[in-house]
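Comments concern the structure below.
Should a chain be cited, it is by its letter among A, B, C and D, assigned in written order, with residues numbered from 1 in that chain.
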Amino acid sequence: MQERYQAVRGHSERLAAPLSAEDQAIQSMPDASPTKWHLAHTTWFYETFLLGRFEPGYKVCNPDYAFLFNSYYEAAGPRHARPARGMITRPSVAEVIAYRRHVYAAMLRLLGRDVPPDLRFLVELGLHHEQQHQELLVTDVLHALAQNPLKPACDPGWRPPLPIGGEARMLDGPSGLVEIGTPAETPFYFDNEGPRHRVWLDPYRIASRPVTNGEWLRFIEAGGYAQPLLWMSDGWAARYAEDWQAPLHWQQDRDGRWMQFSPAGLAPLDPDASVRHICWYEADAFARWAGKRLPTEAEWEAAAATLPLDAVADDVWQWTESAYRPYPGYRPWAGLVGEYNGKFMINTMVLRGGSVATPPGHARLGYRNFFHPDKRWQFTGLRLAENAR
Amino acid sequence: MQERYQAVRGHSERLAAPLSAEDQAIQSMPDASPTKWHLAHTTWFYETFLLGRFEPGYKVCNPDYAFLFNSYYEAAGPRHARPARGMITRPSVAEVIAYRRHVYAAMLRLLGRDVPPDLRFLVELGLHHEQQHQELLVTDVLHALAQNPLKPACDPGWRPPLPIGGEARMLDGPSGLVEIGTPAETPFYFDNEGPRHRVWLDPYRIASRPVTNGEWLRFIEAGGYAQPLLWMSDGWAARYAEDWQAPLHWQQDRDGRWMQFSPAGLAPLDPDASVRHICWYEADAFARWAGKRLPTEAEWEAAAATLPLDAVADDVWQWTESAYRPYPGYRPWAGLVGEYNGKFMINTMVLRGGSVATPPGHARLGYRNFFHPDKRWQFTGLRLAENAR
Amino acid sequence: MQERYQAVRGHSERLAAPLSAEDQAIQSMPDASPTKWHLAHTTWFYETFLLGRFEPGYKVCNPDYAFLFNSYYEAAGPRHARPARGMITRPSVAEVIAYRRHVYAAMLRLLGRDVPPDLRFLVELGLHHEQQHQELLVTDVLHALAQNPLKPACDPGWRPPLPIGGEARMLDGPSGLVEIGTPAETPFYFDNEGPRHRVWLDPYRIASRPVTNGEWLRFIEAGGYAQPLLWMSDGWAARYAEDWQAPLHWQQDRDGRWMQFSPAGLAPLDPDASVRHICWYEADAFARWAGKRLPTEAEWEAAAATLPLDAVADDVWQWTESAYRPYPGYRPWAGLVGEYNGKFMINTMVLRGGSVATPPGHARLGYRNFFHPDKRWQFTGLRLAENAR
Amino acid sequence: MQERYQAVRGHSERLAAPLSAEDQAIQSMPDASPTKWHLAHTTWFYETFLLGRFEPGYKVCNPDYAFLFNSYYEAAGPRHARPARGMITRPSVAEVIAYRRHVYAAMLRLLGRDVPPDLRFLVELGLHHEQQHQELLVTDVLHALAQNPLKPACDPGWRPPLPIGGEARMLDGPSGLVEIGTPAETPFYFDNEGPRHRVWLDPYRIASRPVTNGEWLRFIEAGGYAQPLLWMSDGWAARYAEDWQAPLHWQQDRDGRWMQFSPAGLAPLDPDASVRHICWYEADAFARWAGKRLPTEAEWEAAAATLPLDAVADDVWQWTESAYRPYPGYRPWAGLVGEYNGKFMINTMVLRGGSVATPPGHARLGYRNFFHPDKRWQFTGLRLAENAR
């Protein structure tokens, strides 16, 4: 477990390495957080839920950090306002790194001893939590640097996912009474993935791969962003208010050529790559335009478990038709970590799969990602489905 | 059908009768509409979807009304901005009544002939549509007059629903593979109620009656509005932003006694009556505090079809755990009325049952009402449920 | 004094006569008030500052009206929120008229006796106050009906001011050490008009008449609304935020012809009439474009006292270069009416003259009208000036 | 001139020296700018108005900087949105320093030659411009670090102004026909300070020193922030909206002791020091409470020229009763720098004197500083005045 701890912690720091102190300090919108905050908050998580409670004699690095780096845990005390995270210039990046080292050392000591299962669970949770923030770190800093008219690259060495290519095929998925939800014997999973339960599915087909940029260009050219009848009412209002004309991070150069801003900087749009940085409203409108629909999360999970789908987990998160609500029999984790997932089960839509920014080994078939339907700054795309009869 | 047409139309006018011209003109928030607008919009519906298309030689009452009284039908042309409906002082109430008479006479002529089934459907839809606006008329004007510090009664003769009384019992509902959705042979139902389809339900229990004001007072006294851990994250943010301390239309008099504003005016709160004017966030927090949960809409429908539940359809609408999304195989109606329901199937939660303000004969067991989870101005309450296991 | 009281009171009611109950109830923006509110507030003024204090045995018409119809007098107690005045459907127009009658009768009784000077002053103030609201009533209802896409006429019999015609001449005004301010012996004047005091004026010239619509059209055609260098920084921000392209109440018909909405309804723009419904920012930008400037209020007053200027007081209010600040030695009136003028002497600019909507006999040479520099709904225009040197 | 250039440029860099890269990057409100932006913008000023136009062969450091670092010069081309200055993480602090060096070297070459008077004026303007930004740099970073709940010191070595001590005396100022405005023969002054002109002043008295913190505490204790009758109407609305209870940067510790946040960090409030970080609304309310008033700018200037006033120019800026408007005969500078002052002459109030943060040698007796009346983040205080008769 020490080794895994070292590996996950090191990955966060590698993600921050190409960024300057200024890059790591700013917050470009209330949904996003500074890189530095992600580095500190994930550290606070171990300090608060593990070291502070189970490590006798542990001394907190700085008593003010509990206020600054608690995200949303009401039970863990008051905290700095989320939209003001970009106002915290001190502690500096260097002090945050020192904070990480302090907690790292204490955690290695703790892990060097015989760790009982409840603590092992919390360590594992801390690591999965840190992996979630690793993905957010990438998308948040991408959003932040996109505000700069110079469009600087966050990480010149970043590599986009490989395009699948070819036509999408519509495959028959398993139907009837199926079971979904991560099996209880899985070593680690989030509370929102269970309990495993039965769902009735009518026959359907699902696409072998996500929708591509090239297909999305046809939607744009067909007036997809100008036709209210394709959109949900709330979606059209959002499109209008924010003047969406294309996915986030797309722009046209002087010759009308489409460019895409990625962590590697601005580059010509690859028509064969999966479309990303679209919100649920856009995904839903596209599907309607295409004469299809989004899959439900149960369809997605049942199909992904049995069919030869491409780009399941390392390309783009895939919006589903399902609102993010508790599974039948859902119970939040006991104790302080009970706030982790349950309180967000409203107004959000489920995404399945995983993206190029999801750390390897993090997601599962039963993994439920979720965002409000107007959010576009994640690596989010879509896979089409349709009724079979 | 002429008789039914007369009855429904007359009911709208009876609802408006106790209101002054000023009462009928104002709009107290973007969600609400002036009484006068409801009277005109329901009239426009027949004119646009029936008379203008199927009655040869029909002359519109006033060509400007199509712009003023279209609500949200993109396919029916441009329209006046919803939040500005209260700015329309002319046509006057008297002119709107004249508009109603004009359309009424033409409709009676149309209905006096042999009406083919597709037109019969549109007439029936127009009547159900008008009934929906009858309920909105009552809740909208209640909200409007509530803005007046004098708290004038909208309709001094209005009668509240009768309290059920007694303790609620938790009853076992039908489970396993059940069917829900309004059966296709039902003479009229909204597109969102079908198709009838199978759903798997784990065992559960459901309360014999809705939650009462007295039970809600205990929630308040127990600090229900002060404890973030009971609330969804978005719900707590809304509670905080709008400073909710009690249901809408409740206020304390100088002696701390709770009063409730209803169409009949301000009166002492009846502890045995069903609680109403709560939003989904409040219903959900209450259920969590009570150690229970809201029923899903499938549970509600299956239970209401078989169990002796009280106050199913004439007291308060009952929030469910279900997001308002299309049923499997859902298809919007063809043609212009296709915008009726489908485009609102996001960010809203399903309510089941019916309220004291729902016109008799309007709702059905399979009826799906829906509002955003922060809306409180309808006659909305809750019925508890729990897992049976 | 009884006769004058009757005349002024009657004029308010004549202004409201062409308006429906709905017209009189709505409020189209926080700056404006419903007609009905003006009728009631001016009545409350006599009740509060005269009858309630000096008429033994006077019974208030309705104790709730003090809350509803106090405008901004902190010392007179709490009051209904200004932006919510349009939410008051009751008392009805008829009840407001009854309120007026109640106070009218009591005032006539009071005026029928021997009235000491301090009371005479308050009566006179009440009448001037009511005249100010008469002008606001006209501009507020014009703004309200302008929200209606049907552009109904407020008062079909309304007559615009007569155009002056001809070229404007630039006239030399009195300079050196001059005196301005309404002389203390004037029977009635507002506290803000005094004390009379000395001001040093460098030589200047002032236009014989206000700027016309025709001249404003040339400003539009020359790109006046598109050239930031002509505008104050705050003015350009306002122009941009509200997308001003022409004065308020101007619109182009399908053929590009300019129309103007007035109390008499929509009619072709008269190029010879004085431009109106422009804010200070627009007046200032126009003057800069024309190579001139606005007069200071001292220049305006000194010139108007001695030169043969046209359209001084019955056409449009004329923006000046002067911020509305207290004169040297200014003291607000003693007592409750001390809040009348003084607390608005910041962020506002002085207008001089009077408009077509100003009741005859209301304004004086020394009269100081004032509005924030972005306000456009009054009958506001401009007269140019320049340095003579 | 080379020497002076070096001195002023060096002072900017010394001010930034105690700040981290993160401190220099953030923007805490639209009124404020990042330190890094101040360092770059003052550099852009020389590049744009001098080197680019008068230095043959000059190569701009980076063509993107003109867009990023233009503040508000419409005539100098498009620019980055002011409220988004904190989103610019790149160029980094180090790159901005390199930009400064690039321009510095070019400027020294230019100054090493024979400089004609028009260029000398622009150099001098650039230096005064940079000095203005030096003061803003201090106040902006103070505001930024004040957002941090840890209240870190911007500059631990910062020294507050020395308290004057003793009672304020009310001194008779020069009255009658006086002259104000910076004399035309002054080597450098801003266009808004002239032309020198005559003003008539009635007799008045002016305080020998600014109001102190101790005096302000008495205003607080007397309920000054709770009494609307002391405030301008717009001021009371602002006080209420922003919940002002004390000057900016004041806070009470757990024992109720008043602390003040300064560039040196949080320290007990010195009752003998001049009050600072108050807006015009507060200054005006205080003066009314004290039975006095603010001086006009003409009174201030005439008095400061002749009387032995304390703390004229090195303690706090002093709000005056005067709106910031052009002097009679004012003409903006010709050319691109014409936008420097004139377009802000609305909605702002004049401050006179100078503050502890004003670079030595920058201000003059005739210097006109100005801010909107609700701004509190500058070193702003007040000096009382009163009518002499």
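Going forward, a residue touches a chain if its C-beta (ideal position, glycine included) is under 8 Å from a C-beta of that chain, and two chains touch if they have at least 3 such contacts.
Values in this document were obtained by computation on a predicted structure and should not be read as measured data.
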{"item": "Chains in simultaneous contact with chain A and chain D", "value": "none"}
{"item": "Of all other chains, the one whose Cα centre sits farthest from chain D", "value": "B"}
{"item": "Whole-Å gap between the CA centroids of chain A and chain C", "value": "57"}
{"item": "Interchain centroid distance [CA atoms averaged], chain A/chain B, Å", "value": "36"}
{"item": "Centre-of-Cα separation between chain C and chain B, whole angstrom", "value": "45"}
{"item": "Sites on chain A at which at least two other chains make contact", "value": "none"}
{"item": "Chain pairs that touch, as defined at the top of this document", "value": "A-B, A-D, B-C, C-D"}
{"item": "Residues of chain D that touch chain C when the two form their complex", "value": "72, 74-75, 177, 197-202, 228-229, 231-236, 280-281, 284, 321-323, 325-326, 328-329, 339, 343-347, 349, 373, 387"}
{"item": "Chain D - residues contacting chain A, complex", "value": "20-26, 28, 36, 64, 67-68, 80, 84, 86-90, 92-93, 144-145, 147-150, 152"}
